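This report concerns only the one structure given below.
Naming follows writing order (A, B and C), and every chain is counted from residue 1.
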Amino acid sequence: MDWITIISTTLKAAINVETVLYALAAIGINIHFGYTGLLNFGQAAFMGVAGYGLAVTVTVLGLPFWVGIFVGLAAAVLLALLMGIPTLQLRADYLAIVTIAAAEIIRLIFRSVAFKDVFGGSDGRRGFSEGFHALSPFPEGEYGFNLGPIPIFFPHWQLWVMVVGWALIALCCGIVYLLMKSPWGRVLKAIREDEDAVRSLGKSVFSYKMQSLVLGGVIGCLGGFIYGLAAGSVQPDVFGTETTFYLYTMVILGGAARVLGPVVGAMVFWVLLVLIYNTLAEAVGSGYITFLTVYQVGAVRWILVGLGLILLLIFRPQGIFGDKREIAIDAR
Amino acid sequence: MHAETTSTERKAAALAAFKDLPREPGVPKPDPILVVDKVVRRFGGLTAVDVDHVEIQRGSITALIGPNGAGKTTFFNQLTGFDTADSGSWTFNGRPMNGVPAHKVARAGMVRTFQLTKALSRLTVMENMRLGAQQQKGENFFRALLPGSWRKQEAEITARAEDLLTRFKLIAKEDDFAGSLSGGQRKLLEMARALMVNPELVMLDEPMAGVNPALTQSLLGHVKDLREQGMTVLFVEHDMDMVRDISDWVIVMAQGNVIAEGPPSTIMSDERVIDAYLGAHHDAPLSESDLETQLHEAEAALEAEIEEETQK
Amino acid sequence: MRRAVIAFTAFLGGLVFLLAGPANAGPVDCEQGLRGTLRLQGQPVNGVKIAVTTEGGQPVQEVTTNAQGAWDVEVEQPGKYKVTLDVGTLPQNAEIRGGNNTRTPTVYEGNCSAVLFALQPKGAPGQPQQQDTGGESSFWTRAAQLTFEGFNLGLIIALAALGLSLIYGTTGLTNFAHGELVTLGAILAYGFNVGLGLHLIPAAILAVLVAGALGYGQDRFFWGQLRRRGTGIIAMMIISIGVALFLRYVMLIFFGGENEAFAQYTAQPGVEVGPITAAPKNFVAMGIELAVLVIVGFALLRTRTGKAARAVADNPALAASSGINVDRVIRIIWTLGGAIAALAGVMLGLSQSLKYTMGQEILLLIFAGVTLGGLGTAFGALVGSLVVGLFIQVSTLWVPPELKSVGALVVLIIVLLVRPQGILGRRERIG
């Protein structure tokens, strides 16, 4: 068993690019679901249109990186409006189904042969991140430190993505903090509790829901950028419904309607996932476990995600840090 | 002492306005705040509301009563924009309100409460109150990001909310989650929150339903107090004692129609009302006391039903 | 090296690893040359002759596909080759999509190039018809064929949707794990069929019974307990997502990531009925589906339990106070829902290949059916599902088949815009 590697990758998972991109998308979900009570199950689509907006602008249209970012942001806002106008007047469960449907429509279009010239079919698009990496202040090399015997190093390009990503997380958390302390956030939370009551007090529920959807979608779209820049490519199937479900797991894990909840949730999620996967894979590889194959280990960790989600909601719906009295989900 | 005098004045003024009105459904009032014409709402084949004409006198407490399924709540929903009427029109302060969405109805000064209280459970009592205030700068997305731009207004709102909470004896619960309040306290909170909107017309949907008898008197006092402060009150209620106690005028609905109007002292002896409550087929003429008992039985049954509804 | 491998799979690989689903492993080892796999509707096609020649026409090798439908040819020189599929050796009901039976792939040094021959059932939609039927295959013939296929799909969706809708109606649960119940039925039947060697018919019956029992158990030991705790419906919805993930990957462990097929009725030659060509199994399947739907519908309308179920769906509190045992009704609904979802899985397995994600892939269409009909109305679910099934298949007259689900989902969104309560639903009262 190579414990050094296991511990090293596990520790790195706490701050690595996956954690960053999922944390950003989860902050968006937290605004939708945690604060406003909107069951947006199409967050993966926001990440997708952002990633593809960037990729297509740079690779197909040949425009600079910054234009791509702008196109991605605009696409996320547009998607929020398109999704919101028909769905925000619907009941919560309809909203869930319609947002999933919208996300699937977008994924199917991205991977379709009919639009292969634009979106690249199931292979997706690559080769659009040079503009971003050109801005990097880090010369080529490995960066990090040794924690006792455990090496924690990242290559320069990854470090640059991480630095930008964590800066975005800090910015988003700051914005969420300010907003949720304000009367604006109060209206959102009130809508979560009972939108008819809010209507009877003279607030335009539709308008606030839409603002929430756009804000959360734009933050989710930042996650999509980070994914595209870290992987150097965008592929349609990464933006499937399961991605959104993992985001919900993270939000609930960290505590819904908490400013730092989704960030902590994403960190814990990835640390546990990487730890479990590596330990099991190593144990199978070195023959300690014989009833599983390395291939099945991948499935085991998602089984644990499912189980974790169930147990969390039953026994600790407020998440790790939540306050039982103000849990955003009515679980009891 | 001053409050006492105004109290009598306001009540007297309201009663004077109703004094010589005929007891007919749809009778015109001297100074109506709300005028409703030919409002119809159908669900499938069922006509839930079919109100030909009704007026609500400004500065009065008007009760809307009727047997279960008479369409009172549905009528409320039409007027406040929570449901769309199939046809008809109504004006509030002379301003046409049909088709106006619920939040704009509230902004216009016509605020309602709900039969099943809608306290925002996981907000504190104070946050519930603040939410009612209108034209808040901090409710704009961009200003919300600059706390300096809304802090001063927030302090004013808080002060006003504290006044109201003191009046409604909820000030001790200021920082508690609304979900921890009792049923009666929630009713009080909902009423206080509605007042934060600064309404002209307060529409209460069964303010007494599910309220502990100990709180009833206090709630009644608050409703009367609304009139003393110059507001108009329209409320739906099943409790006849309460109707008799506080209302200046009673409108009776049955099967979607307004069937009778009149002062609370005499309305229950109106033939049409008795028919509506007991069904038109009671054979032998009943004595006054028999009627009273039957009415009380019917009321008790209704109340039990409401109790069950609210406890769900 | 090992470190690098671990790090890679754990991080970037981890993202794609299961999100994208496991890719089909290459069928045969092949150093430098050409290879491919022939599948018809997800099921391997064996015994098909494939001839490889050089660009100039020099024969290299002739092979036949094996039981997995795979073939490979090693070549010595990199370069362009010509691959010809002998159409005469294809099963009767199969044809090459697009009709062209030659490919001219290029082999690169040390690489194995995949050669793709996409097969489709004869008279299948999407592409212009070739050869014998070519001239006559008018728009209307295709429309008739697609309508038939749409009904088939619609009936399968309806089976699954009926259970989902009844469960929603009686418990308020939007069950995201319902797709996994469909998969479960198919995989159980596969286990009894291929694993235990039973004929498919008894295997399917057994699978439906076991799934019904599991449905009962699910409510008895899980959902029923949660209801007793007073778990909110949103929380239950998210719990059902956890259940879906859990079941899906448990099935992956037992079933594997490959496409499989039942032992019987896999490659049936088609028969022609009027303008429609289909395998006899499709007619039988549709008959069974229709019969089950009619029986369940009849039971809902006429039996005591059925009426009780509709009463509970209408107003649980009122039903309880009028002496209906709500818990018992819900348990029956869960048992029935699990069983008919399993039946839907078996039927789906007959018309496509078996996969651990087959239920997940159809879940959205089930939701679309249920939502179109109006959440919680059993007969609405039937109507909605048929509309979805028909729409999906018939729309391929105009849209590429890969985008056919898109059309159905767009229609779902549009219908909700115009009529939020669904086709047969009712509006709710406020206040």
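Rule of thumb we're sticking to: a contact is a pair of C-beta atoms (placed from the backbone, for glycine too) under 8 Å apart; a residue touches a chain by one contact, two chains touch by 3 or more.
Quick caveat: nothing in here was measured; it's all calculated off a predicted structure.
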Identifier of the chain whose CA centre is least distant from the whole-structure CA centre: A
Most remote chain, CA-based centroid, reference being chain A: B
Chain pair showing more contacts of the two, A-C and A-B: A-C
Rounded Å distance between chain B and chain C, as computed from the means of their C-alpha atoms: 54
Mean-CA-position distance for chain C and chain A (Å): 28
Distance from the mean Cα position of chain B to that of chain A, given in whole angstrom: 46
Junction residues of chain C, two or more chains touched: 430-431
Junction residues of chain B, two or more chains touched: 82, 114
Residues of chain A engaged with two or more neighbouring chains: 196
Touching residues (chain side chain A, partner chain C) in the complex: 2, 5-6, 9, 13, 16-18, 37, 39, 86-87, 89-94, 96-98, 100-102, 104-105, 108-109, 112-114, 196, 227, 230-231, 235, 237-238, 240, 242-243, 245, 248-249, 252, 273-274, 277-278, 281-282, 292, 295-296, 298-300, 302-303, 305-310, 313-314, 317, 329-332
Complex contacts: residues of chain C adjacent to chain A: 2-3, 6-7, 9-12, 14-22, 174, 226, 229-235, 237-239, 241-250, 252-253, 257, 364, 367-368, 371, 375, 400, 402-403, 405-406, 409-410, 412-414, 416-417, 420, 428, 430-431
Footprint of chain A on chain B - complex, ascending: 80-82, 101-104, 106-107, 111-114, 118-123, 127-128, 130-132, 134, 136-141, 143-145, 147, 150, 154, 177, 179-180, 190, 193-194, 196-197
Chain A residues touching chain B - in the complex, by the definition given at the top: 175, 178-179, 181-187, 189-190, 192-194, 196-205, 211, 215, 325-328
